[in-house]
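Each structure below is given as structure tokens.
Two complexes come next, and they have one chain in common, chain A, joined by chain B in the first and chain C in the second.
And now, the complex of A and B:
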């Protein structure tokens, strides 16, 4: 084994920096959270409490409210963001290379911006009195909506923001996947009389399924971890209308200083995301992957 | 020399050496501080930098490292630092937020009773000491006091032809009448665009709360939830009615939008609310230069309800010394914290930073002789109460404020909201 590693040392050296960062900032905190979830964490000395934190989490009405809000967010945002990425990529792909490059950059660049900045911009858009959203509604005679401060609209506002934020990574990945589909398949379809929509539905969509699966899983994980948008736009309110799982975990950990309890909720979230990813993988996985 | 004498002399020598070692501790002290007032170069940390230079000059071998921290990030940053056991030595916080009662019980903060003489303690206002006292121990050196006040835009009053309250005192009924008269359509388009009153509701912020105390209620009474009593329900209902029955508050009232609320009172070009409650720090902001400068502003008390007093909520700011493993370092850290909060420093703060001194000796220097708004606000300290002292206060507060948000959004009745809060809070009080 050591010999094999030594032979491939240059490869390992390349991944070493990333691996070190991953270990320090992801792996170790996850393991630490796991152990903390069985403890009542105190600054000086902790107490082993077994499964008590998990039991408390499952009996916590605020946790279930957060689960419900997160599910409602994920159920809309995940399919919408993947579908929008697919549609945008499909519209960009037939364009000339120059135009493609322009649109790739146009859709990818916003993903470089911090979600905090984007959320602040959307907070302005949803501002009740001077916001752009209510201004547009007023042009068609619709009464202003109290977007961020009514229970009925607050979560919808966060969802609208997430859906309308360009899915830059998805567009790039879909474009790459579409670029690898052989032109001969489309030629054959055209000879058989298929129109553009039929070609897209029968050739493009099935052959980018692996990318769709990947994006669905990544987007689901992202949706379950929604936090900064909520923190910036509504702080979980009004009441608990936009309290999501990670927002609840954050409050329990850093406002209430119950790190064991927060750790238990994190582990429950971790388990839920793994189960969902496996289910998605089973449902969407396909043998239609193009290997040519 | 007899043997016993030799041993005694040796012991005394050891003690003397140890004592001098404690007094001469050298090393680095870390202090976090937040922006204060600017100098000619608009450096808002110039005051603390000057004090650090002075202290380092008089304590050779002691280096003080300043970590400049925005106020908005202080609580979160400190929470993370405490969780990681990597806290600074001194930090400018109170003991109800980022540092809370659980931390005090766990020993994260040093009790300073042994470092304060009775004469020193006597110089502080009792309310200031009380704000840093938990279970009989002092956990910080109070530097300033604050109080919530009502800020009135007198230009708005003049435009509506409404007289401001005489000497800033009014009953609830007078307040409602004025708020209604201050609500009008200023540009004649048939839509109301000027409002009498607004405020916001957010965990950890108490601008609206003195209204809820107005009829004699308190959030916790003898370890029981107190905001579902008749006095509390009537007081909250009055403020809710101001919005939904009298229409004297905009739809945003009771939301969590702190910045938007302040802009509606103070920001040039965005003003549309005549009266808002704010912490007294806002007085310096609206009377200073910049886009939030209000040319004609007045300070008033909260309206008087059934309790018969213009109750408000007060607080204190100061320096907290975090746990020190090295006890000889602790002496120097405390010395520095005391050095920052002398009578003279508090006078400088009162003049430049818009805070009330926590020392009687500073008050005696009459720092607000040329600042009538601050002087009027200082009078309100007499009616100030503090938020309850409870180890779970942060959680209790979050639950009450969440229900208040729903009440002021018109989604729950006052009774239902406060009963729902009671069900959640009662568990935390046990």
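And now, the complex of A and C:
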């Protein structure tokens, strides 16, 4: 065995540099995260507190507020962005290659600008007196809305921003998936007299299902981690109206320095993400079998 | 290639919907640049100026021969950019972001291609275990590990240094996975031939594998550079000193200090956005390839 390892030593040497960083910044934090959430951090050393951090989290109104805000965000943003990606890709797909490239770029461009930049400009668009949003509303005779400073609208504003920022990644992935659907399927459907909408619903939508599943999972995980937008637009406010789970973790850990408590919330978030991903993949795949 | 015909009216409807949606999508970016070119007095007005004065008035002024006024107009439009680079640390933050993103990209290309080469083309005990150990951790969202990650960086005494932002990025596994998939498609016969000719293992990697893996490397480079340039939460935690802020963190501070000076804020946002827009428009095909090859964006 040792001889085999020695003979293959160059294989290990090539991995070694990456593995050092991987160990220090991935493996160690993963292992450490288990300990952190069962400890309380004091100025002088740490103390084991068992499950107390988890109990505290589950009894903390602010944590549940953050969970509810995050859920409300995810429940709207995930389905909307996947649906919009599917619709946009379906409309782009029949175009000429040049036009395809143009629209693909137009819808991906806001994605390459960082979420910080996008959030900053939306904060300005949502400004109550001089913002673009209220200006457009005034054109159709709607009274100005106090977007970011009212607890009724603040979270909705963040959601509106997320929905109106085009799902560039989704469009690209759907276009790739649609490009690999054999043309003969559509021809057969046409001979059977199916119109375009039926072709889309019976052929395109079922055949891009793997992409849909992938996007749903990635987008759910993404919206469960929403932070940048909230931090830049509302700081979680007014009050706690837009606090999300990651924003709460950030505040608890790096403003209040309660690492153990923040660690416990991180574990709960991770568990939620895993469970959701599993449920979604079950739901979508059983649906596919059902339709046969 | 495509035999499916769409009627003329259908085409018109498709174009109308797509163009309308594209306009809505691009308004925020347009508004960044428009606001950044306006002077403070022009920003807080109702109705808003949808086209910056410098754009709408420059040509008429030039054509009517009033070159001096036209020059003054351009000068005024650039006022907030001047303020940005003179009165804030923007230049420094820009350089910080540039250095860190370039180092992260170079480092990741080197480390990941070496590891990928080994995983794709070499036999050794424990290879599959190590590979799946790495890839398995990709399912853990980074935000979950913020606290222990911070503790590691603090133990290493890296807090408030650029290393705290740079080094953790080098641990990302996505590139190893992506490049391995790419290298599996490169035939091994080329390596064997070089080995018979007496090439060293490192020579094979450097002179045969790397050149052949260029398209994959280019894709990874683009994705790494963008995600590094745009990353916000981790640098926000790891750096509290203004001199080592990256651009997104700097923008956050700028916003905290100038809550209502929107033309200054938007010029800052523009400075952060322009490099990414240029990178994207020049390397568009690599973005598309990277997304469809590896699935996730870094």
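As a working rule, the second predicted complex is superposed on the first by the 251 of 292 C-alpha atoms of A that agree within 3 Å, B and C clash if a C-alpha of one lies under 4 Å from a C-alpha of the other, contacts with A are read in each partner's own complex, and residues count from 1 in each chain.
We take it that a contact is a pair of C-beta atoms (placed from the backbone, for glycine too) under 8 Å apart; a residue touches a chain by one contact, two chains touch by 3 or more.
This one's a predicted model, so the numbers in the text were calculated from it and none came from an experiment.
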A:256 touches, of chain B and chain C: first, second, both or neither? first
Contacts of A:240 with chain B and chain C, given as first, second, both or neither: first
Partner chain in contact with A:4 - chain B first, chain C second, else both or neither: second
Partner chain in contact with A:151 - chain B first, chain C second, else both or neither: first
Which superposed partner A:231 touches (first chain B, second chain C, both, neither): second
When both partners are placed on the shared chain, which of chain B and chain C touches more of chain A: C
Which of chain B and chain C A:128 touches, first, second, both or neither: first
Overlapping contact positions on chain A, where the chain C interface meets the chain B interface: 127, 129-130, 253-254, 259
Residues of chain C that touch chain A when the two form their complex: 2-4, 6, 10, 14, 17-18, 21-22, 24-29, 31-32, 35, 43-48, 110-112, 114-115, 117-119, 122-125, 127, 130, 134, 137, 139-141, 143-152, 156, 167-168, 170-171, 173, 176, 201, 205, 226, 229-230, 232-233, 236-237, 248, 251-252, 255, 262, 265-266, 268-269, 272-273, 276-277, 279-281, 284, 287-288, 291-292, 295-297
Complex interface listing, chain A residues touching chain B: 42-44, 127-130, 144, 146, 148-151, 234-235, 237-240, 251, 253-257, 259
List of chain B residues in touch with chain A within their complex: 76, 79-80, 82-83, 85, 100, 102-103, 106-108, 202-203, 250-252, 254-257, 260, 270, 272, 392, 394-395, 398, 402-403, 405-406, 409, 411
Touching residues on chain A, where the partner in the complex is chain C: 1, 4-5, 8, 10-12, 14-15, 17-19, 21-22, 24-30, 32-33, 36, 88, 91-92, 94-95, 101, 103-110, 112-118, 120-125, 127, 129-130, 132, 135, 164-166, 169, 172-173, 176, 183, 186-187, 196, 214, 218, 221, 224-225, 227-228, 231-232, 246, 249-250, 253-254, 259, 262-263, 266-267, 269-270, 273-274
